[in-house]
Structures are given as C-alpha cells and as structure tokens.
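This is the structure I have questions about; it appears just below.
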Amino acid sequence: MRLIYFAWVRERIGKTQEDVDLPAEVKTVADLLSWLRTRGEQYEHALQHPDVIRVAIDQEHVDHRERLEGAREIALFPPMTGG
Amino acid sequence: MRLIYFAWVRERIGKTQEDVDLPAEVKTVADLLSWLRTRGEQYEHALQHPDVIRVAIDQEHVDHRERLEGAREIALFPPMTGG
Amino acid sequence: MAPVVPVVRVQPGDFDMAGEVEALTAGRTDIGAVVTFLGMCRDEEGRLSALELEHYPGMAEGEISRVAHEALARWPLQGLTVIHRYGRIAPGENIVLVACASTHRRAAFEAADFLMDYLKSRAPFWKKEFGVDGREGEWVEARESDERAAERWQR
Amino acid sequence: MAPVVPVVRVQPGDFDMAGEVEALTAGRTDIGAVVTFLGMCRDEEGRLSALELEHYPGMAEGEISRVAHEALARWPLQGLTVIHRYGRIAPGENIVLVACASTHRRAAFEAADFLMDYLKSRAPFWKKEFGVDGREGEWVEARESDERAAERWQR
C-alpha cells in the first residue's frame, strides 16, 4: 500500500511517499495513524496530534473511522489552506 | 419650479420637463401629485396610481410627505429598473 | 492609509472589465480578493432585440456614489468601481460592472452583493424592451424581489 | 439545453480573467450575470516575499470538479470556471479564479461564494510562507472561520 504525505506532514516524516505492508490488525485510518507513530521519532512528531491530520483514500476525503481495505493510495496531510 | 419626468411617466405626460408655478396650497409631494392630476388627461393617466410614483427633489429620493419648499427641481418617475 | 476613492462612471459606451480590475490592483500587494459582478443584456429567450436604458443624468452618478460610500463605510475595502451604461444595449452586451477589492474575501463578496442590490433599488435607471421586430415594447417592471433583496442590508 | 460542463484547471502559470469570462459568455444572449472571484497573494504588510502552494496532483482537480458539480446541482448556472494555481507565487500575483454565469444575479453570487468556501475546505492545497529575506517560513494555518464558512452551505 502506498502512503503519500503533504505539507508539514511530509516535511516532518521526511518523505514524499513510501510503500508499506500493513500488519493485519491495522484496519482503519485511526489504526494506521497509531501504527505509523510507532515507526520512529519523525512519525511521532508528524502525527502527534492525530485529530488534525486529514486523510484521503484513493484521492477522496475520508474520516478516521474509514476502513482501509481495498485502498491503493492513502494520503496524510494537514488541514488545507488553498483558495 | 422645474418638473422633470422619466420613463413611462414622461411618455404618458408627453413632456421631458416643464416649469410650473405651484399654487400656495401645494406644500408636499403628495399635494403636487394631486394637483398635477387636475391638469389634464395625460397627467391623470401618468399619475393614476400615485403610490407607485417615485420622487426626487434636487436629485435626492424623497417620500410623498416631503415638503416642497426650497426645491429647484422635482423629478417624477416609476420604480427603477437599473442594475 | 489614504481614504479609498470609489470609481463611479455612468456612460453610454462599453467598459473593459479586465482593465478596471487591473486598475484596482496594479502595483498593490495588500489585496487578497477581488469580486466582480458583470450584468449583461439578455434576449429573454429570443424575444428582445435590445434594451434602451434611460437614466437621470447627475442623479444617477450621485446615487451610485452615495451607495459606493455606504459600502466603503460598511466593509474594509481597498478599492471599489461601479460603471453603469445607458442608451441602447443589445443582448450579450454589458450593462453594469461592480468590482470590490479587499484583504478579505467575505468583505469583497458582501460589498459587491450589497452594491448590486442597492443599485437596483436606488439608482435612477429604467429599462425599455425592444422586440425582435424592432418595435418598441414595454418598460421593464420593477420586481418585488429586488426591493426585498435591498432590505436584507438594512440594520 | 446541453448540460453545463465546468472548466476546471490546476496549473502553475497565471490565468487571464478577462479571457475566461469571455469564454463563458461569448456568443450567448441568455446570460444576465457573471460573478467572478479573484484571489491574490498578499505580502502581509511587507512580511512576505512569496507563497509556495503545494497541491495533491489529481485529487486537487478531482475535488474542485466535485465542488463545481455540486454548485451546478444547486444553482441554475449557464457556465462555471475554476482555476487554481500552484507553485511559487509572489505578492500581487493571482492565485485562484472562480467565475459563475447565470440568468439571475443571486444564483451567480451564491454559487461563487459557495465555491470559494468549499475550495478552502476541500481542495488539497497548502500554502507555505517565504519571508522577505528569502528564507522559508511557516505553513499557513487553516482558519476556524473558513471551516465555519463552509458549514453555512450544509443543508
């Protein structure tokens, strides 16, 4: 599964994107955010306030309860500031 | 005193403007409209529904209770349809 | 900051929207939002060949200026342009332009909306229809909904 | 009547507001009102030399299209254009354009206002500030007021 990061989430994690194999127990967006925080200090720093992290699965906004199954690309980013 | 007419008020009265001497008892806009209606069929046709007639004194909107004293130019016209 | 002087023009000829917006924003780095309203002549489903806009010279400019200054008093605007044409106008041609520049988008939107509502209810212009046969038609009737729209802004 | 196809573009280069409005209205005699919103880069009282707009390619276009189709479903529009730039943008330059054409002015105003509120809350763009010394600054923080503005349209 591909993870893709934007703005300060990208900067703090230090990667634009990465491909990961998720453990079987990671079933929802919330699970994914918790699991990523165990992967090191940079992830912990990027995701320390999971409530503010916005998530898109296959380029559609989803909330943190969304299930991951079938997802190809999951994007994590801060609240948007376009317009 | 100069009277000036626009749109269908102008067309019905058949004049763009005219100078009139008002009788002493014509003190307000409402008085003026009543008095004009006595001046002939065209005025009667133009002003038969005085409620819809809008009035400006010296280029400022006024209501029908406004007093005429000091006015130089009084304009009568239908509700506006600009914009 | 220098007080904003609104641009108000009442003219028979067409105007250039892009040029007016450029004039509001040229050389400035403090404007975040420009909202424009462009009003155009419709043919009413093929019924009309033209509108003739009659106006009250002098008072038209005066009332638009008054409305423009009221907008400046109510919203933090950095520039404001209102241009209203008169005379014969064909379907597809421009009639009126309002442009409001502000640091903030809400102010620019609200001021433009307010200006259009107030222009409709206070600026002395009257529209007469001309049919496709070229014959003079009816005067456009004022709409109750325009009156109510203007009342939204009373406080 | 043919269904309206919104024009949606996400691009690094500038756009031409007048050309876009002309494209919406050219040859048409059924449009009474065009409301445009032009968003520009501010220097925040001289503090900034530029904004860098990051975006999510693909999703940015997708979300803007979704919002555009929602506007078409809610208001009787005859045309709709949304252009959003990304990359480095200097103060005074254009960032975003929304243009809505309708027979009626209220529809054009409301749809443009709605589109801007929804773009702010749904389109995946992020702004980073660059100071006048050329150094990278902070990411612009999302504002609670933008979130609330978008909620106005929920029904």
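Order as written gives the chain letters A, B, C and D; numbering starts at 1 within each chain.
Simple rule for what comes next: a residue touches a chain if its C-beta (ideal position, glycine included) is under 8 Å from a C-beta of that chain, and two chains touch if they have at least 3 such contacts.
Everything numeric here is computed off the predicted structure, so don't read it as measured data.
Colleague: Counting one step for each move to a touching chain, how far apart are subunit A and subunit D?
Modeller: 1
Colleague: Would you kindly tell me how far, in whole Å, the mean C-alpha position of subunit D lies from that of subunit C?
Modeller: The separation of the two C-alpha centroids amounts to 23 Å.
Colleague: Once you find the CA centre of subunit A and the CA centre of subunit B, what distance in Å lies between them?
Modeller: 72
Colleague: Quick check: how many Å separate the C-alpha centres of subunit A and subunit C?
Modeller: 48
Colleague: Tell me, which residues of subunit D touch at least two other chains?
Modeller: In subunit D, residues 39, 105, 116 touch at least two other chains, as defined above.
Colleague: Please set out, as single numbers or ranges, the residues of subunit A touching at least two other chains.
Modeller: 83 - these are the residues of subunit A that touch more than one other chain.
Colleague: According to the definition of touch, which chains form touching pairs?
Modeller: All chain pairs meeting the touch criterion are A-D, B-C, C-D.
Colleague: For the complex, which residues does subunit D have touching subunit A?
Modeller: 39, 53-56, 58-60, 62-63, 84, 95-96, 116, 119-128, 139-142, 146
Colleague: Which bits of subunit C are touching subunit D when the two form their complex?
Modeller: Checking each residue of subunit C against subunit D gives 16-18, 21, 25, 27-43, 45-46, 91-92, 103, 105-106, 108-109, 112-113, 116, 149.
Colleague: For a test of understanding, state which residues of subunit A touch subunit D in their complex under the given definition.
Modeller: Residue list for subunit A touching subunit D: 4, 6-8, 56, 59-61, 75, 77-83.
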